[in-house]
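Common to both upcoming complexes is chain A, partnered first by chain B, then by chain C.
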Partner chain A sequence: MTYKLNGIQLNEFFARVASDKKLYLPVDTENGARFEEWTEGKTLSSKLNTVRSAKDFFFPQVQGIVDFKLEGKNIEVIDRREEVKDFVVFGVRACDAAAFAVLDRVFLSEHVDSFYAEKRNAATVITLACSNPEETCFCSSFGIDASAPGGDVEARLVEDALYLSPLTEKGEAFVESIKDLLVSADDAVVEADKALIKAKIAKLPLASLKPADLRDKQLETFESEAWAELSQSCLGCGSCTFVCPTCQCYDIRDFDTGHEVKRFRCWDSCMYSDFTLMAAENPRHTQPERFRQRFMHKLVYFPMNNDGVYGCVGCGRCLKKCPVSLNIVKVMKRIGGVKNEQ
Partner chain B sequence: MQKVMLERAKALLSDGTVRAVLAWEKGDFAYDTTPAVFNSAERLEKGFVYSPFCGANLSKYLIKETQKEGKILVFLKPCDTYSFNQLVSEHRIKRENVYVVGVECKGMLDIEKIREKGVTSLISASWEGEQVRLVTADGEILADSSELMQERCLCCKSKKHVAYDELLGEEGEVLDSNRFDEVARLEAMSAKERFEFWRGELSRCIRCNACRNVCPACSCEKCIFDNPDSGVQNKAAADPFEENLFHVIRAFHVAGRCTDCGECSRVCPEHIPLHLLNRKFIKDINELYGEFQAGETELPREPLTEYKADDVEPGVVYERGAE
Partner chain C sequence: MNSNDTLIPFVAVVTDIRVDTADIKTFRVHSLDGDKPLKHIPGQCAMLSIPGVGEAMFSITSSPTNEDFIEFSIKKCGCLTEWLHRIEVGQQICIRGPYGNGFPVEGALKGKDLLFIAGGIGLAPLRSVINYCRHFRSNYGIIDVVYGARSKDDFVDYEEIENEWKKEDGMKVHLTIDRPQENWDGHVGFVPAFVKELGFDTTKTVILCGPPIMIKLTLEELIKLGFENTQIFTTLEMRMKCGVGKCGRCNVGNKYVCKDGPVFSFDQLDELPDEY
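Up next is the complex of A and B:
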């Protein structure tokens, strides 16, 4: 079932949603599009995607866990878990929505990560179809359809009109809560929009890029000579990992402020020399090994452990942000990850 | 220029002068060039590129490359040669293992500025006097270069090659740059305004360390912030103030050695104007100790490491902020 706004403006729709729960959406800033809480006067970004990915909502860069306060012989333990209230995220693109599914496999599998789970449960995700995909986009390489981005509610803007299609129970409940703003829409409009977007995606320069199934070639991929050459120019910084919507590695650290200890979780990067550093030593001594780890994880290990699902969603952020333009597309092309269908 | 460079690289490789060539390699688009070590004429033929998107400063790669046996050819743009000299003076590059070919630079373009103009499907960009010709899949655009250049190139300090074994083109001259204008604007702020400006800018830091890792002045074998034994290792900060200090400490550490190559700001995924911290130090050094440009020579008189009896006492000269 698809609905459209009953003639009201987008901002009226946002105001209504925000009157009930906190609403986050991409807005334009001097430094690119960013997810911000909607307040009166803020408008939806015109950009295709945000600088930082939407994973921040569920897996923030820094998450306080517990504080230890020392007073005399006593240690006071302060739980830093904050109450999470229901919220709505509008304007998540197909790539980031697909990335949630990747993160879910990590954080919601057997040992559920409660910090992640409570935020994920509190969120209603409204995706937005990509009317104007960019040349750095390659979500289709991983079977992601930017014309049908998923989430709890799938939204699209067709000639400035907003269409909403609920996909989950949460999505149905959301639509129900604003039913008076909606009218039934013609599915033909949605189908035509999907076809238009698909046609645009087929013409993108990376449209023919397809990852190879390397699940049976773990060892030979690991031992490929390509890694040494590819990693030569890698600076060993964490830009790619930190703008990536699927990178999920973290570290738990204690920060001694002098009068208390703050235990927090923070993003980690396999590019860093102290990544997985253990008491004895670090299993990866050199940058080529660290570099290899990142791409083996996304293109080989993750699919091996997750029914063939890749750890990349083709959002293109690393293509834009790597200081030396060394990115997963170049890696896929080198390690036999390309099947040109044309 | 690209053709001349390619021929020269192939010639020096084939006559054995150099064992490899450190240059830029083309990517999937016009703008995604990557620094690369080419070890054969075939690879050079296939991937070598020199375009207005070759902003990456190659000098830092020489730390690793000159440890290897034999000479490596490196192409350096004028501003890269300052970093090169500085690294030589710090004994980080083995000068005898490198053959520097200086190449002209008319300024490098900022792909994000080009995207902002709505240009897509870029095939190539080339200089035409003060303008840039952008060839796209939909046609050609002639644009004013000042609108598309990287910030550091808009206030270029020097077109002079200060280190080379061979030049392709002119030696170039030091320019009259307005690069301190923005610093002066920050200096004119009240302490509170300035504090808020930097807190705001630095609040976007994601601690990816790209600024540090690309910086030719940041060449420590092990950064104190990566060292678990240092007691100040921080992967991410527990509180944002600590995060801000990372950048301030880094700026202090490279003071007097930073050549103002601008790589820190070029690579910042969050567009934090980190170069302004360094430029403030450079401006202060100029004002307190006389004009000094790090990397201008291989054996510099370094104001912060050289003591003179009549050195100023900066604490006396400068008041601590306006309020």
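Up next is the complex of A and C:
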């Protein structure tokens, strides 16, 4: 079932949603688009995607775990966690929505990460179909359909009108809660929009890029001579990992406030030299080894453990952010055994 | 909110500290109620931390058959371990776990003649499985232990070895030290050469643990003696943070040492990139 706003402006719709729960959506800033809480006067960004990915909602850069008080030989564990209130995220693109499914496989598997799970449960994700995909997009390489981005509710803007299709129970509940703003829509409009987007995607420069199934070639791929050349200029800055919607490595640290100790986790990067450093040794001494780890993980190890699902969703962020123009596309062309070389 | 997450540790207390060597101490840990803090299988590990100092993964040295407490033999190397070496009995610590797969004591090891080979602190994870096998003695065949240390003062839990292991039926202990020393009439030399000299029957299942170089050279000797890599198990050591296969820290190939290990057989390791 698809619905359409009953002639009201987008901002009226946002105001209504935000009157009930916190609403986050991409807005324009000096540094590009980013997700912010909607308040009166904020408008939806017209950019295709946010600079940082939407993973921050569920896996924020810094997450408090627990606090401690130490007194003499005694330790007290203080759990100050508060319940996460329900919230709505509007405007998540297909790649980031697919990245949630990748992160779910990590954080919601055995020893469920409750910090991630509680945020995931509290969120209603409204995706937005990509009317204007960019040259750096290659989500289709991983079977992701930007014309049908998924989430709890799938939204699309067709000639400035907002269409909403609920896909999950949460999505149904959301639509129900704003039913008075909606009229039912003509499915033909939706189908036509999908076809239009698909045609655009097919013409993108990276459309023919297809990852190879390397699940039974772990060692062979690891030992490939191409890594040395591919990784040559990598600075180990970690930018590619921070903007990546699927990168999930983290560190756990303690901060001593003087009165108590706060234990938190924060994003880390397999690109950093101290990532695997131990007292006596480091199994990955050099940057080329660390570079290889990042891409082996996304293209080989992750699919091996996850029914062939890749650890990349083709969002193109690392293509834009790497200061020395390295990225997963270059790797896939050499290592990923691209089937249809352009 | 009273949350339950494996990353949130609980508080336990150190009730005994034994000085094993100049740089290894064994810590006995009880829950605050005086019980055993957690149940484990031999070879599993737990995360110990002192808030503000650090958190790290340690192998549980005591056997699961010990109903009263758990023990950790810890070598001084780095911030947290130096701190632990300074604490006194009664100090509370944070603990979470157990983590990891442990040794296949009810699988591949059961009913077999076992050959344990350890170097230095490498005995710590093996002590748990050795004492487990002693407890269920009839489930296992002959037990041989080859254990090497720098000097006679560097054996972990020397008393237990002398007073219990050496007297156990069907168990042989072969000790060696790196260099000759006064009051030592046992073997002198490195573990790999000692293993070659002892020349074991290749029907045994081997559990090998110690510094990387000792593992590498001993493995070579074992293969030369005719052992298959499927018969030889070891434990890997990697830097760890989460302990549950999520933080990415201990990822080697498609395995996570914290979750899929730390125990691997050498044929499993042969399939992984050499990054451990």
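Throughout what follows, the second predicted complex is superposed on the first by the 324 of 342 C-alpha atoms of A that agree within 3 Å, B and C clash if a C-alpha of one lies under 4 Å from a C-alpha of the other, contacts with A are read in each partner's own complex, and residues count from 1 in each chain.
Convention: a residue touches a chain if its C-beta (ideal position, glycine included) is under 8 Å from a C-beta of that chain, and two chains touch if they have at least 3 such contacts.
Keep in mind that what you see is a predicted model, and the values were worked out from it rather than measured.
In the superposed model, A:237 makes contact with chain B only, not with chain C.
Once the two complexes are overlaid on the shared chain, A:298 sits clear of chain B and of chain C alike.
In the superposed model, A:266 lies in contact with chain B only, and not with chain C.
Once chain A of one complex is fitted onto chain A of the other, the partner contacts of A:55 are absent, as it touches neither chain B nor chain C.
By the touch criterion stated above, A:277 is placed in contact with chain B and with chain C alike. Touch criterion met: A:326 reaches chain B, while chain C stays clear of it.
In the superposition on chain A, A:66 makes contact with chain C only, not with chain B.
With both structures placed on the common chain, the touch criterion links A:119 to neither chain B nor chain C. Of the two partner chains placed around the shared chain by superposition, chain C is the only one that A:248 touches, whereas chain B remains out of contact. In the superposition on the C-alpha atoms of chain A, the part of chain A touched by chain B in one complex and by chain C in the other spans residues 251, 268, 277. Interface residues of chain B facing chain A in the complex, by the touch rule stated above, are 27-29, 31-37, 56, 61, 112, 120-121, 204, 206-210, 212-214, 222, 226-228, 233-239, 242, 263, 266-267, 269-271. Chain A meets chain C in the complex at residues 65-66, 68, 70, 73-77, 79, 81-83, 106-107, 109-111, 113-115, 218-219, 222, 248-252, 254, 256, 261, 263, 265, 268, 270, 275-281, 283-284, 289, 293, 296-297, 300-301, 304-305. By the touch rule above, chain C contacts chain A in their complex via residues 1-11, 49-55, 77-78, 87-88, 90-94, 212, 237-239, 241-242, 244-249, 251-254, 271-273, 275-276.
Those residues of chain A lying in contact with chain B across their complex are 31-32, 51-52, 61-62, 64, 134-136, 205-206, 232-233, 235-239, 241-243, 251, 253, 255, 257, 262, 264, 266-269, 272-274, 277, 319-321, 323-327, 329-330.
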